[in-house]
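Presented below are the structures under discussion, each in the form of structure tokens.
Here subunit A shows up in two complexes: once beside subunit B, once beside subunit C.
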Partner chain A sequence: MVKTYHPETLTEALKIRNETHALPYAGGTDLMVRYRQGPGLVPAFDREVMFIGHLPELTKLQEKNGEFAIGACVPYREIIHHRHTPEILRKACSLIGAPAVQNLGTMGGNICNASPAGDTLPPLAILDTHLTLQSVSGERQVSLLSFFTGPGKTILRDDELLIGIHFRLPHFTAEGYRKVGTRKANALSKVAFAAFMLKEKDMLADIRIALGAVAPTVVRSRELENRLIGQPLTDLANLMPDLLESYGTLIQPITDQRSDANYRKTVSLNLIENFVLKEES
Partner chain B sequence: MKNTISTPVDRLDGPDKASGRAIYTDDIRPDGLLFARTLRSDRPRARILDIKLPELPDGYFIVNKNDVPGRNRIKMLEDDWPFFAEEVVNYVGEPILLVVGPDREQVNQILKSIEISYEDLPPVLSLEDAITAESPIFGDDNSFAAYEFQKGDPDSAFDAAKTIIEGEFKTGYHEQAYMEPQGMIGSYTDGKLTVTGSMQCPFYVKNAMVQLTGFPENRVQVIQATTGGAFGGKEEYPSLLAGHVAMAAIKTGKPVKLVLERGEDLAVTTKRHPSVSRYRSAVDENGRVTAMEADITLDGGAYAGLSAVVLQRALFAAIGVYNIPNVIVRGRVLATNHVPSGAFRGFGAPQAFFAVEMHMEQIAAELGMNPLTFKEIHLVQKGDTTATGGVLRDEIKIREMLNRVLKLSDYRKKEGMFASRKGRFRNGIGLGIYLHGCGFTGKGEEIIQGTATVRKLAEDRAEILVSNVEMGQGAQTTLRKIVATTLELPIENIDYPNPDTDRVPDSGPTVASRTVIIVGHLLESAAKELKARWDENEVLSVSKSYRHPSYIQWDQDKLQGDAYPAYSWGVVAVEVEVDTLTYETAIKGVWAVHDVGVAIDEDIIRGQIEGGILQGLGYASIEVMDTENGAYRQRSFTDYIIPTAVDAPKIESELVDNPYEYGPFGAKCAGELPIAGAAPAYAAAVGHALGIPVHEIPAKPETLIKRVEK
Partner chain C sequence: MSQIISFTLNGEKISLETDPMRRLLDVLRDDFSETGVKEGCGEGECGACSVFLNGKLVNSCLVAVGSVHGMNVETIVHFKTTPAYRVIEQAFGDAGSVQCGFCTPGMVLAAYALLKDNPNPDETDIREAISGNLCRCTGYNMIVDGIKLAAKQGNGKW
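The block that comes next holds the complex of A and B.
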């Protein structure tokens, strides 16, 4: 059994993290599974563990003047029930696992776990989310998309904690979210899709598209979105073949025990096309 | 008219299970308990060259093939399956040895430090490999069993046919997914071996232990612990685990527990046999099938197990519920270096029903006929013969049931309406029509000759003594209800403790939907006699043994005659909606009517029907299990997906009353029946929605998308 820490304040937690590089443990819904040893045995953590899920500084959820701030250890359940939560994020959270996981699992945990199939990541990506990372030596803000470096890999240093998740509440005329799992609850995503669209008169004023579970990290390309932005709505259909081809090379889905690369790619492109042309998901 | 036996009562095992008070195998913790874990082959086929064992701390043991007191073979049909691998391993997950000791973590450490060196042998990893393999795993031709039988004159019928239609149908692995993993505890005291655990068949385990140990029968005792689901998965496999804990207990002199972890259970225990069926039918100028040829091949895995009987049930179901005058049926089970396939609710029949139902759909489509009308004109009637030439003597209500399902589901209207649907969401509706032969196949019941006892304990109390178990299917309630109603005592006054082979007669295994129709009937007869003799004595036992009804004729060598004493029947309609962006399928409705004779308890039957249909829908749609280099790729419930409560559609289910003379209160069989029709109904519905024939399950989105998007 490894040594565990139970700090009372964020300051104390950052000090412990700096000194011990202990593994931050929020809801434990990923960690307890990753390190499980089987019935009758405690999990085999490979380093010291620090519980942070109870820290008051990390469990606040607030909205002020359109700025949404989620403490890293706010569980999905609270996000689902908060009245200002953007619908797209509410939907993503409510399709995670089952109620027990939604009660314990946290948004910060979902981000730091950095699974290619992390369910909150596509909505957070199109919300232009920023993360606050803090250590005893200071604080930095990074964009969500720059946080991930690969499956399970992030730029979080071993003296840092993810403390907050921020975005501005968006204004769009259409949004789409689709989790393609295998069943309706307790399913891992084969493909996850999130998108916003802003139409002004006969023109596409803005569009944001993100895909999960089809590449080592969540996929979003402002460059490809820019090809549509400013275009007359009547031209969108003509732009689709080239756009889909570009998305097709951008995503790198794998074949595994849950699905195959062909399916993930075809469905991703179907979802993009359908959203852009029909605003459905 | 309400039949009082059918009126639901509260399940007697419900409160303990729902409240957590029930004691399952893993909850049993005797003093001095040791834990065992299994070292397994990670090769599909290899010769073991060397096993390097670490030095063991005090109190830790290795148990392997050298600890077999009697015979290193699980007692089954062929006796080819060893408790521990000998020179060669034949599947990924095959047990090689156990590490046993008081601390689970230490046991794991020792297990990890053992090194095995292998010489790989060319593995047989598919049915094609099994046919062409240079060095077979079993016999000369890798065939565990092969059968062939005929009815009428199929050759002439094929010669005279106007059209001949052929098709190939495939089904995949199917995992039982019982909630409680397999587990067993062994102890050895004063020369007596006791094994307690999760199981369906206490006497199968006992007989296996007698052969393993060479002990006389009175030195082997087997007790069923409260069992958290089985679905056939705990028919033969528990004998293997029982052997392991038995050897460990004999070696260490202490109680030893072996409970599989979920991932381990998924990776190494038996599943439903994958199948490939080739069908060929002769059709005359009136659109009537005059002859049908069925050829069914099952993947048996590395050892014979119960595969031969599974194949028999598949073959006997090969022409479904249709009156086909000329029939030729053949089949075989092939050996592969996969985990041995085994018993699972339906026992071969679901594979055959999928094939024959889809073949009937196919013939109708190719003839340009409506599939429903086509099936309807071929339905059997009383007096018709089965594939084996057995006579369907009892009342058959299948037409009435079909009409009721058509009405409940608004089938004909939807069938026409959906066919013309365009756009993103496509709806489809499909039918499954099926039967289930009650009890053991062929001579099975005669060979087993089950005995059941009812014992008067006091003026107002009696006890059921049978070897059949409650495994979630409701036996605690149904069997006590049969006896209580017959004795006219309150159901609470009938005891039915978990079977202990030292106390109960061998009433046979808890399989083949035989518990109510066969054992329940013996109990009913015993209780009737006991009631008549109630005042003879303060304590009094009456036993009854099974006798085949005299009219039943069966030739086991030629596979001719009445393969089963009775049949239960079912019709199910499934409506789906396919999203053509993702090829995900939503089940919009399920309507079913069943004939189980008389329901002993309507709630329990409803549970069996809804559970069976849902399990069949999972089999047809989302339950994907495949192999890579001989090992299953899905080793957790995250990857092997079964339907959750959220996925369960509304199932509208009705029964028709059709009492059976030799069943208790007129009851027939119900446990396996409802799983047979859901898969073909689902596949037909998906095919209807997308306008493509679906001849393979699971019909997963990954396959459908390839077929539709060119």
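The block that comes next holds the complex of A and C.
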């Protein structure tokens, strides 16, 4: 039986985290499945656990002057129902699990779980999301993309907690989101795609593209996006073959029980091409 | 390391000394004989173990009992004493929404979770609302019909 903690405040939680390095438990939807043993058996957690899902400091969701701040333990369902949530994030959250899972699962949990198939990660990546990590010794802001180091691996120190998720509400002329799964509800992604595009007159003024479940962490490349930015719309088709070849080297999908590498790569490149040329997803 | 965990279960304040990592599902079934809460998949996909946690539909197989300390848990046993349940019960009966009955407590709670927020759902809303509830008997159409009928007969009184 593992020791558990149920702090009443964030300050108390940070102190416990610092002293014990206990595993943070937000919504539990990933952890309870990961450690599950079966009917009537206690899930086999292998380290101390700290419940943080109830902490008021971590369950706030606010939008102010275009700045969006999501507490790490805000459940998906609240994000879906908030009137200022960007449509692309609303869509991604509403395709996670089903309503009962969305009432439990949290955005901070999806990020810290660091699954290559984390469904909020491609939209958060193109929103230029920053994360606030806090410990008793201070606070640091990191970009979402720099947070992940591999499947299930992040730069979060064992004395830190992810407390907040921040981005600016974007202005774009087109957006695309597509989750490719076996069925609509309760499916894990084979491929997830999120993109924004800003057209100004006859030119592509900005584009952001991210892909999930096709590499050890979420894929986004500003370098490749820059190849398209500033180009006349009429030139995009000519740029496409080279661009797709470059994305092809960034995408390193695996074959697993959900899908195979070839399928994932083909679908990913088709999604990029369809979005850039036809704004479809 | 057992701890004292206190929460409200079906309107009654309770405290129990147990392992906080036990699943709420097991605590409800084994310690409180709440056998209306079923275990199907055990991983949050089938909805048979659904309960309301602070009024929100959740899968109790995904909830460690230590996390509900101070919260409000309502199961089908309590929900079936409400007027809203009577409407859903009648509608499910009339539409033939129940065959083996294993998924039914979860379906009833999912139907109520939908109707209290959206008293006039269309078919898409209904199918989304029960997308986390698996039924192997009805093919779902009769459950969708039952929820449509409940919406009509409930007439917005949720």
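The definition used in the following text is that the second predicted complex is superposed on the first by the 281 of 281 C-alpha atoms of A that agree within 3 Å, B and C clash if a C-alpha of one lies under 4 Å from a C-alpha of the other, contacts with A are read in each partner's own complex, and residues count from 1 in each chain.
Please note the rule applied: contacts are C-beta pairs under 8 Å (C-beta built on N, C-alpha and C of every residue); 3 or more make two chains touch, one makes a residue touch a chain.
Because the structure is a prediction, the values reported are computed rather than measured.
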Practice item. Could you say whether A:Ile155 touches subunit B, subunit C, both of them, or neither, answering first, second, both or neither? Key: neither
Check your understanding: For A:Leu169, is the partner it touches subunit B (first), subunit C (second), both, or none of the two (neither)?
Key -> neither
Review point. Touching A:Val180, do we find subunit B (first), subunit C (second), both, or neither?
Key: first
Exercise for review: Figure out whether A:Gln257 sits in contact with subunit B (first) or subunit C (second), or with both, or with neither.
Suggested key: first
Exercise for review: Go through the superposed model and pick first if A:Val136 touches only subunit B, second if only subunit C, both, or neither.
Suggested key: neither
Review point. Is A:Asn270 touching the first partner subunit B, the second partner subunit C, both, or neither of them?
Key: first
Review point. Counting only touches as set out at the top, which of subunit B and subunit C does A:Tyr25 meet: first, second, both, neither?
Key: second
Point to revise | Which superposed partner A:Ala237 touches (first subunit B, second subunit C, both, neither) | key: neither
Check your understanding: Across the two complexes, what residues of subunit A are contacted by subunit B and by subunit C?
Key -> 38-41, 98, 184-186
Check your understanding: Can you list the residues on subunit B that touch subunit A in the complex?
Key -> 26, 35, 104-105, 108, 259, 261, 424, 581-584, 622, 633-634, 638-639, 641, 643-647, 701-702, 705-706, 709
Review point. Hey, which residues of subunit A end up touching subunit C in the complex?
Key: 1-4, 6, 25, 27-29, 32-33, 36, 38-43, 45, 49, 51, 53-54, 77, 97-101, 103-104, 184-186
Check your understanding: In their shared complex, at which residues does subunit A touch subunit B?
Key -> 37-41, 98, 178, 180, 182-188, 191, 257-260, 262-263, 266-267, 270-271, 274, 280
Review point. Taking the complex as given, what residues does subunit C use to touch subunit A?
Key: 1-3, 19-23, 26, 30, 39, 42-45, 47, 50, 53, 56-59, 61-64, 66-67, 69-71, 110, 113, 128-129, 131-133
